[in-house]
Amino acid sequence: METYYDPKDLGSIAEIGKDAPELAGKFFDYYNEVFAEGDLTEREKALIALAVAHTVQCPYCIDAYTRACLEKGSHLGEMTEALHVVTAIRGGASLVHGVQMRKIAEKLSL
Amino acid sequence: METYYDPKDLGSIAEIGKDAPELAGKFFDYYNEVFAEGDLTEREKALIALAVAHTVQCPYCIDAYTRACLEKGSHLGEMTEALHVVTAIRGGASLVHGVQMRKIAEKLSL
Amino acid sequence: METYYDPKDLGSIAEIGKDAPELAGKFFDYYNEVFAEGDLTEREKALIALAVAHTVQCPYCIDAYTRACLEKGSHLGEMTEALHVVTAIRGGASLVHGVQMRKIAEKLSL
Amino acid sequence: METYYDPKDLGSIAEIGKDAPELAGKFFDYYNEVFAEGDLTEREKALIALAVAHTVQCPYCIDAYTRACLEKGSHLGEMTEALHVVTAIRGGASLVHGVQMRKIAEKLSL
Amino acid sequence: METYYDPKDLGSIAEIGKDAPELAGKFFDYYNEVFAEGDLTEREKALIALAVAHTVQCPYCIDAYTRACLEKGSHLGEMTEALHVVTAIRGGASLVHGVQMRKIAEKLSL
Amino acid sequence: METYYDPKDLGSIAEIGKDAPELAGKFFDYYNEVFAEGDLTEREKALIALAVAHTVQCPYCIDAYTRACLEKGSHLGEMTEALHVVTAIRGGASLVHGVQMRKIAEKLSL
């Protein structure tokens, strides 16, 4: 193996079904329903998925949802805006926990 | 303190600016631009933010973006679909790493 | 460097001990005790470790615990079931935070 | 609301199904299959789930799988050992990325 | 239980040693060495720990290291700057993965 | 593409500004202020950033802050100590959540 993260492996995801077929079947049954059009469009769902993929830093998922976003009609400007939402919230989720730090620091300094 | 996670603290987030005002100023300058209408609408950005908030399990953020989604015109059905996209990708990000496990297991069993 | 994630680097983990030998010594002292047979068997511990490795998406760890699981007598079917537990909980951990979203949304819609 | 993390909310998880019933149905269909006895026993799966729950720091999940572990016949000694596996791997996943730091530092110091 | 996150529980962390005393002993042996003065001062280590505590959003850890930082002589201005480093990197870690998105999008648009 | 994680891509991070220049501009405006000398020195901030980079397992960030730490005058011994702080807290953040497990287990066994 040359690298742990080989883009060719994304094509092998279905093989995960070889060893526990019932579980893989039910997962993909759920998964396909999640991405089908519902109250949200397929395009909206792909954009959300792209954002989550960057949040969890999963390169296989970034690959898959970059393709999905383009297929569903989003362009790179929209996708980059979605990525900035991730940056703002993922960073901000730590920043807002600073309210706990401040409360404790203020209590101790009384 | 009765609990670390007190919903009233969300209202104190601006106080983080007291101790390093220049940094808070520039962060919120970025943050406000991120959520302003651009190629994506404010409603789309709020939905993406709600998804990311659940991905990083930040209760302050879940609170703030639940409110933002409703204000921007999304309803609970759409928001719940966005949450299922999170569930599918966040779980799936681990599942797809199983391709690494399988490659190694197969190489060893030869 | 051709890739950040080079499988050959897993063999260099011990070198982390060169720069702070006391700390590395105590960490591996703890680590080795964690994986020794106790109330849980070594096989059970390796399966749990494989699951955690996929949860934190650490390819070095996936490599190491795939090998450990096979050595301790697990087969790929069991290991894949452990991976689905990860998928269900890691996704589910976000989904269950939806109870916070629903409470807030319901309060606002009264 | 007195706290974001109210233990009583765990009992409301099924209500997530009110707003997107098809998706919740398929998720729980998958979820129930994941925790049914297969190649791994229900007891083994509950222990793995407890470990993953601590890895992702989901208090609802910690609650649910602490109960499940006890019901399936594990005792607190075994559960605490599973928790130490989490500690060792979750910490270790960061430590092992130190091989990337060392390679870069060594290359620069040549 | 009124909340999952009760600040009083931080005082019970040592009880984790009741059920697997050997493991807890070795962990805290490592832990105490990590925070003792070495090449870095105790004050520097407490600031780094405060940053990591906010990165992993652990309220028990935020509490403990807020106290530790103040005891070791840092003030809230320094601690808030450390928190902004977290915000910039944690958000930025997702943003920089956008290079993968762009490479894929550009390849597809050729 | 040979690998998802190609070290050469770190040099392309600025290209993220092509598609949403206003957002990238404001983010880097914030980012540069975060790393400028303030109450903390640039050296201290780089060490904290290196720690956070390992916490979120971002190889691009590990690369960038390894270089920054060396440039700002830290040596590999100090950097490795910072890495052990990460290991202790990131692992410990899960371990301390064991207080929730113990409370529930004790309540059930009464």
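A, B, C, D, E and F are the chain letters, set down in written order, and residue numbers restart from 1 in every chain.
The criterion applied here is as follows: a residue touches a chain if its C-beta (ideal position, glycine included) is under 8 Å from a C-beta of that chain, and two chains touch if they have at least 3 such contacts.
Note that the structure is a prediction, hence the values are computed from the model and not measured.
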Task: Shared interface partners, meaning chains that touch chain D and chain F - done: A, B, C, E
Open item on the list: Can you give me the shortest step count from chain A to chain F, moving only between touching chains?
Closed with: 1
- [ ] Sort out for me whether A-B or B-F is joined by the greater number of C-beta contact pairs.
- [x] A-B
TODO: Name the chain whose C-alpha centroid is most distant from the C-alpha centroid of chain B.
DONE: C
Open item on the list: For the two copies chain D and chain A, is the contact made of the same residues on each side, with over half of the numbers shared, or of different residues?
Closed with: same
Task: Maximum centroid distance from chain E, chain identifier (CA atoms) - done: A
Task: Centre-to-centre distance between chain E and chain D (centres being mean Cα positions), rounded to whole Å - done: 19
- [ ] Express in whole angstrom the distance between the two chain centres, defined as the mean CA positions of chain A and chain E.
- [x] 23
Open item on the list: Could you work out how far the Cα centre of chain C sits from that of chain D, in whole Å?
Closed with: 10
TODO: For chain D, write out the residues touching at least two other chains, lowest number first.
DONE: 1-5, 16, 19-20, 23, 27, 30, 34, 38-39, 55-60, 62-63, 76-77, 79-81, 83-84, 86-88, 90-93, 95, 97-98, 100, 102, 104
Open item on the list: How are the chains arranged in terms of who touches whom: line, ring, star, complete or other?
Closed with: complete
Task: Residue numbers on chain C that touch chain B, as the complex places them - done: 50, 54-55, 57, 59, 62-63, 66-67, 70, 76, 79-80, 83-84, 86-95, 97-98, 100-102, 104-105, 108-109
TODO: Report the residues of chain B in contact with chain A in the complex, numbered from low to high.
DONE: 1, 4, 9-10, 12-13, 15-16, 19, 27, 30-31, 34-35, 38-40, 44-45, 47-49, 51-53, 55-56, 58, 60-61, 65, 75, 77-78, 81-82, 84-93, 95-100, 102-104, 107
Task: In the complex with chain C, residue positions of chain F that touch it - done: 2-3, 5-7, 57, 59-60, 62-63, 76-77, 79-81, 83-84, 87
Task: Footprint of chain A on chain D - complex, ascending - done: 20, 22-23, 26-27, 29-30, 33-34, 38-39
TODO: Mind listing the chain E positions that touch chain D in their complex?
DONE: 1-5, 16, 19-20, 23, 27, 56-58
